[in-house]
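For clarity, chains are labelled A, B, C, D and E in written order, and residue numbers in each chain start from 1.
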Amino acid sequence: MKIGKVIGKVVSTRKEGNVEGLPILVVSYLDEKLSDTGRSAACIDTVNAGDGDIVLLCASSSARMTAKTTNVATDNTIVGIIDSVFAGSSFVYQKSKT
Amino acid sequence: MKIGKVIGKVVSTRKEGNVEGLPILVVSYLDEKLSDTGRSAACIDTVNAGDGDIVLLCASSSARMTAKTTNVATDNTIVGIIDSVFAGSSFVYQKSKT
Amino acid sequence: MKIGKVIGKVVSTRKEGNVEGLPILVVSYLDEKLSDTGRSAACIDTVNAGDGDIVLLCASSSARMTAKTTNVATDNTIVGIIDSVFAGSSFVYQKSKT
Amino acid sequence: MKIGKVIGKVVSTRKEGNVEGLPILVVSYLDEKLSDTGRSAACIDTVNAGDGDIVLLCASSSARMTAKTTNVATDNTIVGIIDSVFAGSSFVYQKSKT
Amino acid sequence: MKIGKVIGKVVSTRKEGNVEGLPILVVSYLDEKLSDTGRSAACIDTVNAGDGDIVLLCASSSARMTAKTTNVATDNTIVGIIDSVFAGSSFVYQKSKT
């Protein structure tokens, strides 16, 4: 999986592939230090992610392995909101408790 | 998924893989700011996209997860026409109403 | 899918994966202007493509979505011979009628 | 498959895709000489890997081909802990016996 | 598929995914001229390939499309030993008969 940050969204009314009702978010890929890699993707959201959230992305056919995305035309799905990332035993990131 | 722009089409009469009757469009990949990335692909169109349309692309086995592409030899399908793209709450793109 | 040009072939007698009798061609990837991208692959041919032909390539599990490649160990299949490529309404390529 | 080194972990409480109870480790990709390639991924661990372990990674739909990851939303799974890597008959790496 | 050269092997005793008894070889990717591309992968061997052999690699879910790799956690399988590679009608490579 990849680590990403939610930076926007996509709205599409004319679409195929059983994606009705599922948000399509724009996510930038982060590296293991949570630095921006300069790459991004449009991802189906299954966890109610919001702008700025650090998220876990699942690609390929496994993008369909959630209750909401079975039979959905998605090749990249947000499957988790990340609470923390560690390098060894040190925090790289900890979600603020607000 | 990826965001792309329709820039052309491919015509092929001798072909396999149940693609008869489905348009094959040339799409250039755009980044989250809708800037051209310099990469492109030939994609099966399921939404009647036209030249210049900003579209949503679905790759891998999920490219077959539309009513028109079940059992079709496509690894990249246009699954939506994009109306708008947001970065946070600001418009990056809004389809002109013409 | 990707657009490619047939530039060679591979011969293998000791092989697995139900590829017996299917030609394995070397194909260089072309971009939307049909310029060489410097990348290439070995692809199973299902359309009797020949040297110099401009072809349509289908990768991932969809490479098995032709009558000849069901259950075949191919991750990249030539699924069409391209007659013409358009950028908007202008020809980028037209197969010579010889 | 790819060779990687475990360098951290990801904690996520709000998640989808049947990943409950499976560790998500951060792994940096290594080349054939076990040099860092600068790329990394978040991977589901099925072999109790620990920090610093050299591991074998399996991506795509095959990431679900372990007893623990059937139906799991993973596109990259740690499927083995590597004991040694050879270049020809010379050791590139041998796990220390501690 | 990709063309590769066997340059080493991986030994792993603690592993998942039904790979018991299948060799895991280190393969460097070659281009259409059989020049090293600088990239490599660990691949399951189904054809008894040896050091220095030029081989055919099959990735993605098709890596499981051999009798030995059904249900195996492999995303890259050696599916053939290459005898010769042609560019047009000229030899790029011919396996020595020893």
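A few notes on this one:
Rule of thumb we're sticking to: a residue touches a chain if its C-beta (ideal position, glycine included) is under 8 Å from a C-beta of that chain, and two chains touch if they have at least 3 such contacts.
As the structure is a prediction and not an experimental result, all values here were calculated from the model.
Any chain touching chain B that also touches chain E appears here: C. Mean C-alpha positions place chain D and chain E at a centre distance of 21 Å. Computed from the mean C-alpha positions, the centre of chain A lies at a distance of 33 Å from the centre of chain E. For chain A, the set of residues that touch two or more other chains comprises 59-61, 63.
A ring topology is adopted by the chain contact network, closed into one cycle in which each chain touches exactly two others. With the ring opened at chain A and read toward chain B, the chains come in the order A, B, C, E, D.
Touching chain C in their complex are the following residues of chain E: 1-3, 31-32, 46-48, 56, 58-63, 65-68, 77, 79-89, 92. Within the complex, the chain B residues that touch chain C are 7-19, 24, 26, 28, 39-44, 51, 59-61, 63-64, 71-76.
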